[in-house]
Amino acid sequence: MGVVVRNIERASAETIAGLAECGVATVHEAQGRKGLLASYMRPIYSGARLAASAVTISSPPGDNWMVHVAIEQVQAGDILVLAPTSPCEDGYFGDLLATSMQARGGVGLIIDAGVRDIRDLTEMNFPVWSKAVYAQGTVKETLGSVNIPVVCANQLVNPGDVIVADDDGVCVVRREEAETVLAAARKRVAAEEDKRKRLAVGELGLDIYDMRGRLAEKGLKYV
Amino acid sequence: MGVVVRNIERASAETIAGLAECGVATVHEAQGRKGLLASYMRPIYSGARLAASAVTISSPPGDNWMVHVAIEQVQAGDILVLAPTSPCEDGYFGDLLATSMQARGGVGLIIDAGVRDIRDLTEMNFPVWSKAVYAQGTVKETLGSVNIPVVCANQLVNPGDVIVADDDGVCVVRREEAETVLAAARKRVAAEEDKRKRLAVGELGLDIYDMRGRLAEKGLKYV
Amino acid sequence: MGVVVRNIERASAETIAGLAECGVATVHEAQGRKGLLASYMRPIYSGARLAASAVTISSPPGDNWMVHVAIEQVQAGDILVLAPTSPCEDGYFGDLLATSMQARGGVGLIIDAGVRDIRDLTEMNFPVWSKAVYAQGTVKETLGSVNIPVVCANQLVNPGDVIVADDDGVCVVRREEAETVLAAARKRVAAEEDKRKRLAVGELGLDIYDMRGRLAEKGLKYV
Amino acid sequence: MGVVVRNIERASAETIAGLAECGVATVHEAQGRKGLLASYMRPIYSGARLAASAVTISSPPGDNWMVHVAIEQVQAGDILVLAPTSPCEDGYFGDLLATSMQARGGVGLIIDAGVRDIRDLTEMNFPVWSKAVYAQGTVKETLGSVNIPVVCANQLVNPGDVIVADDDGVCVVRREEAETVLAAARKRVAAEEDKRKRLAVGELGLDIYDMRGRLAEKGLKYV
Amino acid sequence: MGVVVRNIERASAETIAGLAECGVATVHEAQGRKGLLASYMRPIYSGARLAASAVTISSPPGDNWMVHVAIEQVQAGDILVLAPTSPCEDGYFGDLLATSMQARGGVGLIIDAGVRDIRDLTEMNFPVWSKAVYAQGTVKETLGSVNIPVVCANQLVNPGDVIVADDDGVCVVRREEAETVLAAARKRVAAEEDKRKRLAVGELGLDIYDMRGRLAEKGLKYV
Amino acid sequence: MGVVVRNIERASAETIAGLAECGVATVHEAQGRKGLLASYMRPIYSGARLAASAVTISSPPGDNWMVHVAIEQVQAGDILVLAPTSPCEDGYFGDLLATSMQARGGVGLIIDAGVRDIRDLTEMNFPVWSKAVYAQGTVKETLGSVNIPVVCANQLVNPGDVIVADDDGVCVVRREEAETVLAAARKRVAAEEDKRKRLAVGELGLDIYDMRGRLAEKGLKYV
């Protein structure tokens, strides 16, 4: 505790933008179904969709001091990822901190705790995925750390990892795997486009994916 | 496990349409306050309102193979009702399966588990009531059954039963009781209309329902 | 049980209106971070924002008889606050009761249980903050009380206390402290305005709040 | 609502006793992994193990009137299975009702709600599997039904079905399948005995179940 | 925040001892079914049964400084009642604090948060009813208050109120009502004894409480 | 997925034994309050207390195939740590697998899912800390991995890390930090012994830890 790592590596802006376009469900599949944060992480408003480099925060419960420290480390295109050291739903973050984030080029917040001022955040187009909406304030008394690996909503997030988030939830992509995952995700998008067309005209998945034989073999009976 | 029932009986299209108009709260009251699925079953977007015949799926946790099997059994106006055999919030269903459903005339999904691609599903006007939104994918390894009775979110659903769903949640009406329930629901709608008018001009429920005597008898004291 | 208190004191309309403008997060901070209801109390639709005098209801689980009794005690600008005597998510309240409330000048409902007809309530602009949306009906068999102190979602609410509610949740302000809290909240709003401007041009909280010295003293290390 | 079915069929005492010996986990496997109540149904004390015929109760939330009605229908070897019509954790049942049950030969209670007096129940050796321990009392105002099919903790239970319960939880066996399930369960017990011996001397499941080939085929890599 | 009330009134030792004997379920009924803490408050070991005067603590989340302050206010026969100012399950209390409590004559802890060292506490016969068992430590940085009214697990507790706790949970009795409640509880115990005897020989509640007429009147049908 | 790491490093037997003696709460404090698994991880019986080297399993939901694979990798003194790839409470593990584990010298199981046969496991003295007790069986269809880093109940566990578990829960200690943590834990135990003696004779924490000045400085008021 009490450490701030100043220099972190980030994925390239093109890779990050590409991952944003693919979306959470596709990226998650493309990287072998790993990296998905718990389903209780929900967006405060619908329709936001982004990818960004993680600036991580490990914070004591009910203490948002480290958020201020972290914002100084934020570069354009970064997102804060806050994991409290024990379960907490206090509102660590509101419109003032969002103003500060936007002034630095920060694009959002992932928080395994609470957030407040969501009307203002919505008007500011500042997206947040959180465990709770809760106006309960926090103190500034105890140190935490910035840009160390954290476990957030049951997933390990390293500083500089790429966060992909949309209405389906939040997924983390290892920085060093980001390009590979993007390539796989794009392939998947293309393949899905073809399947979508065939399904749209009434062809069945049973036939497209050639499942009938294996189903019969396993013993499926039609009565 | 491993059974697909091909032929199921359905309520008439008129009855189903009538129930949709009445809505969940009214239908639930009209059939004696039974058939309501657990309150954690929430719509992925607001404003959807439907009634439809249930094509049921009993599925292993984290395995959506049977969804493909079920879609072949779907007729125009049907809705899928999926109950996993143990608690699960994986995303069994996304935009490709919704495309397939719409191509067959299917109108929605009730799932006691997770769903993904909700941005696409919203744009497609494909309503889903689910326990979770979660991008976690599933496998296709183990058989389940289609069109057998299932317990979904603490309610028994038989294939062909009528599902009524709106912003208030999800209610199941036995196929063989659907007409009677519709009649009772319509009576209820008419009666409520009258009460609404009286309440709107300031009359009190205490007087409309003639409650004052019974309240006094039970010992209510005004101080 | 079985008591209705007819005369309760209320805060002044100006004070109440002022608190509504400040919003939940600010009011909660301004009164020393107390009075916030549990975070599971969520609005049925986004964007509502109000302050109102509490007419309280203590009700048996699954029995909404006292709601009818309470509405007779409602004056223009009041809000119902219902706490069941044991945990319950039944739908105590729907569009007919909302119609009656609006006819009496009532402005909303806070309920540590369920609500139904939320499509109608949304169209009527009748805001509700509740623990659940659930169409399950209630009976009218057992007495409760109106306008006694209740504990609702883990907070004590006295009749006549001011309820402040918006997208962030629900906060209760003691009637006798309402003016003082409003003054403190307004001061806070003004102070925040200044900080918002400084943050918006890129100044850091670390500097505005002069945190660097104390962080160093506690041992924060930059690496 | 408001119906009491007096005559129900029960499985034979021998079959029931046999199922009790096999225990929940074995019976559940033996009948194809169905019939298991939700995992939140926990025993009030460790070590109880029984099988019994279900006398079912559908009860309003917070109203235990029907328990009294049901006890009159109880025969020696029966167990009460109570499902409230909406979620509730009130204490429907305590030591007086347990005294009455034992006087009639009743052997326990399965309740998707609360129970109280658990110190007394433990001393009486009256086992209960419940959702909650909660002293909150109930009223006697509204009718329910006895010996109709109910959904309890996400499983359908018909009157006369066999309930098997132990420290692992609660499983329901259809009355008409009870003998067949018992035979399958006994076969399973015997087979397990053999495997237990082999495992106890250090043989691996990988070899006993001959898994190595199929694992390699699926692509498992040892590094 | 930041207030310690030194002098609080307590109920008499005889009244407190009497309430302990009656137990939670009986006391709760005797005072009109009020004062019961939420059902998630569970004892760390079975069999403890006590009544004691509440020394209350309002504490920030994850900060147990005020526990040390509170122990100085404890007299023989007192119990600590800790309510965090926002939801928290950190382990505020362990064997060292229990040693200190026992040295001062303190008899237990009620905490709407976590506790740790439960093996030691069990060996020390120091009973705790808590929301969680959790080894997560706390800090000592922020003030709270001692002996002010708190809401603990959804019930208001005033300093000096009598806490009754056993395997059924925790109930609070207002200090000024303690004698009256004890009298009512004793009456109830006596009445139950008579009913227990009648039930034990097979008489039915239906007859003892004379329910058959009212059931018939409400329309109960036997088939 | 589909990888088994055969050779992992382990801490020394002495270090592991030392950590077991210190217990979860002390070890967790000694390593700076990190590594504690979520509080829902509870032992199936009271009194177990151990430390052991982690053999990790990443497993699909409802599929226990990898448990068989993992047991072959177990050495004397190891414990299995199973993390499903999405939330699941199925019973992955029962008495047969425990028999196999004990035959190999394995000492327990940490599982972020369900366990069954807990009566047998208790008799065998095979301790398990789990999220649920649930008899629901699993399949053997899909590969996972053994001895890769996993996130279990919100904590990262590497193969070979030391698991410390007792009635307070479960804590993970990095293998490479195990000796240092043990030294710190022992220091803490010694220091606590001294404090325990002083507290036992009635000295106050306020004085032992010299808190009065700082409390006064923060503004604590005695009234």
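Labels for the chains are A, B, C, D, E and F, by order of writing; each one numbers its residues from 1.
Throughout what follows, contacts are C-beta pairs under 8 Å (C-beta built on N, C-alpha and C of every residue); 3 or more make two chains touch, one makes a residue touch a chain.
If you're wondering where the values come from, they're calculated on a predicted model, not measured in any experiment.
Shared contact partners of chain B and chain C, listed by label: A, D. Where chain D touches chain F, the two copies mostly use different residue numbers: shared numbers make up under half of all numbers in play. For chain pairs B-F and A-F, the one joined by more C-beta pairs in contact is B-F. Distance from the chain A centre to the chain D centre is 42 Å, each centre being the mean of its Cα atoms. The centroid of the Cα atoms in chain B and the matching centroid in chain D are 28 Å apart.
We define each chain's centre as the mean of its Cα atoms; on that basis chain C and chain D are separated by 42 Å. Residues of chain E in contact with two or more other chains: 33, 36, 39, 85-87, 89, 134, 136, 142. All chain pairs that count as touching, in label order, are A-B, A-C, A-E, A-F, B-C, B-D, B-F, C-D, C-E, D-E, D-F, E-F.
In the complex of the two chains, the chain F residues touching chain D come out as 2-6, 45, 65, 68-69, 71-72, 89, 91, 94-97, 99-100, 102-104, 114, 116-119, 122, 132-137, 140, 142-143.
Contacts from chain F toward chain A in the complex involve residues 1, 32-34, 36, 38-39, 85-87, 149, 151, 153-156.
The touching residues of chain B, when paired with chain C in their complex, are 23-25, 28-29, 33, 36, 39, 42, 46-47, 49, 166-169, 171, 192, 195-196, 199-206, 209, 211, 215, 218-223. Note for the complex: chain E touches chain A at residues 60-63, 85-90, 134, 136, 139, 141-142.
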